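You will see chain A twice below: alongside chain B first, and alongside chain C after that.
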Partner chain A sequence: MTLTETQITKTIDARGMACPGPLMTLIGAIRAGAVGDTFAVLSSDAGSKTDIPAWTTKAKHELIEVRPGDGYSTFIVRKAH
Partner chain B sequence: MDARIVILGGGVGGTLAANVLVGRLGHAATVTVVDPTGMHAYQPGFLYVALGQANGRWLGRDERTLLDKKVDLVIEIAERIDPVARTVRFASGGSIAYDYLILATGSRTVPEQVPGFIGAGQEFYSLTGALRLREELRRFKGGRILIGVTGIPYKCPPAPVEFTLMLEDQLRRRGLRDRSEVTLLSPLNRAFTVEAASKLVQPIMEKRGIKLSTFFNVDAVDPTRGIVSSIEGEEAAYDLLVLVPPHRGQTVIDASGLGDAGGWVPTDRNTLQHKQYERIYTIGDATDLPISKSGSTAHFQASIVASRIASLVKGQAPSATYEGRVMCFLETGDRRATTLRFDYAHPPVPPRPAVIWHAAKWMFNRMYWHTIPQGRVP
Partner chain C sequence: MDDQETPLSLILFSGTDDRLGAAAILATGAAAMGRPVNVFLQYWALDAFRKEKVTAWHGAAPEAGPAGAVLVRTSQTAERHWSELFRQAKDVGDVKIHACALSMELFDITTDDLDPLVDDVEGVAAFMSDATTGPITFI
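Let's look at the complex of A and B:
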């Protein structure tokens, strides 16, 4: 499934937002969301490329896609449980 | 007719916006602050009260004493906003009409949403909670202390790290450190969200024997077993449990259909306007922006919104935009602190923790009442 085909529940534009940061905001969205909700997180923080996949694996959610953009990446994550 | 500007909330953002607006517009506008209590709280002080470093008396002031006398103060609970008719209805039955509305309603904590929190968990996000925790710590004679986060977003992202480091300092001074185990349950894979700050803080934690559990987002408390569990599926045991409670937007935002599922207001990251209603602006905790919910954020946003509305009232094109400016201190214990200053284009580069930053925070704590709400600090 690609970004364009995925139904995004909520887009979080966390570009340039160092604190609380993209991953913390994603965790908050996943906590508040329903099973099956899909979140797109826009992040300009280089650390997100390791942090977001690491947490989604640990918490057993699903990282559907990472799409590179101009100075940022978009992470598509689905709440799996 | 004069422009009618209504501000919901008399915290740092609402108070500063009101004072800046009457300064810019004089009698060309009526500026009204609506607040449910009429009392202004200095929330960064809760941390110091919980740790017994300050008493609760200095954390509250009569809002009237902080407002320019041209600002009208209405003590009412805002119950519902009608963004089409441009009115705000009060719980008492009255209402007020506006041309421009600033939502400075802040956030509220909802510990009841975490099973087992109330009764078992301590918190320092309210004056009552801070006083209760202070007394609990006075009675503490040693054991396992856990500090964790139960929901995101929450006010003041550095607060759990600060509390952990300052508490460990206190236990050492009281001769209880050898009998105590201090563990920070971090929501992330490091101690703090800003990596550069984590690199400063984690060696201090290691040196002081503070444990760090990563990717531990507290989900529930089981008081009978003395256990907290995480959404990542792990457990940890405690004798004293200190938790950051979950936060939500205010009920008036929900009741008016102006917010998202968390009660946060959809806000443009630069103009701070509501994404649907251009005459509604939001500042501080109340926005849905993934940026620090802190007094400094509200402070910097208040000036921008006041400037934009003042321009519009004068028939000029607004030019001030919010560029993500935030500034906060991060206490590291042993009377030292660092600072975090950043905006959308410039990530934070915190200096090495030093006595001077701790002194600066204390000076700020003392100067707050005479400077920030009045707009004396840009």
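Let's look at the complex of A and C:
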């Protein structure tokens, strides 16, 4: 499966990182990025399933997609401001 | 993020790696969600923030038992250590770590002895004035 609609600026492979590592890595990437940049975060941490959506809403960025994978999920997040 | 978030105030008493780890997780999560965090270090938690032993093994809480202690010890790798989480929390949000003035005196600790994660030395009344809104959690 490929993402045809969304162009990914950067893929962050955070698999194996413990909570809240994947979220913290995403926050760092969003801060360093430009508005419109889209990040794909691969996370095997169960906490990410709640934390990344909660943070994205709170920080007013855009969670484009959560794609389940084998033992991990991929979170597509766009820097909105 | 708006800056009207309710602060989280943590009083850290215990100096074991599991309790400090749990506190660091709470601080990191609150900071990531835009909540200011005030941490007040007393007794054994303050002792654990001495710069020469911040990453040393500080043991586990009694309920961990021998097997739990092994689990805690192996979980404290360099990138997952509680001190690293506090560093990330400070990096991502408004997190202040204060040393309790009384505990400093009691343990004969000077500011030079403390890890740079610690912002300042504060009396309990000053900490309480920072913590007038939001919960205070004692760990």
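Methods note: the second predicted complex is superposed on the first by the 75 of 81 C-alpha atoms of A that agree within 3 Å, B and C clash if a C-alpha of one lies under 4 Å from a C-alpha of the other, contacts with A are read in each partner's own complex, and residues count from 1 in each chain.
The working rule: contacts are C-beta pairs under 8 Å (C-beta built on N, C-alpha and C of every residue); 3 or more make two chains touch, one makes a residue touch a chain.
Here the structure is a predicted model, which is why all the values come from computation and not from measurement.
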item	value
Which superposed partner A:Leu23 touches (first chain B, second chain C, both, neither)	both
Which of chain B and chain C A:Ala40 touches, first, second, both or neither	neither
Residue contacts with chain A in the superposition, chain B compared against chain C	B
Chain B versus chain C as contact partner of A:Ala32, first or second or both or neither	first
Touched partner set for A:Ala14, first chain B, second chain C, both or neither	first
Partner chain(s) touched by A:Ile76 [first = chain B, second = chain C, both, neither]	neither
Shared chain A contacts, counted only where both chain B and chain C touch the same residue	18-21, 23-24, 27-28, 51, 54-55, 58-60
Parts of chain A lying in touch with chain B, wherever the complex brings them together	10, 12-25, 27-28, 31-33, 45, 47, 51, 54-55, 58-60
Interfacial residue positions of chain C with respect to chain A in the complex	1, 25, 28-29, 32-34, 75, 79-80, 85, 88, 92
Parts of chain A lying in touch with chain C, wherever the complex brings them together	18-21, 23-24, 27-28, 51, 54-55, 58-60
Complex contacts: residues of chain B adjacent to chain A	151-153, 157, 187-189, 193-195, 215, 217, 231-233, 260-262, 269, 289-292, 324, 326, 340, 342-345, 347-348
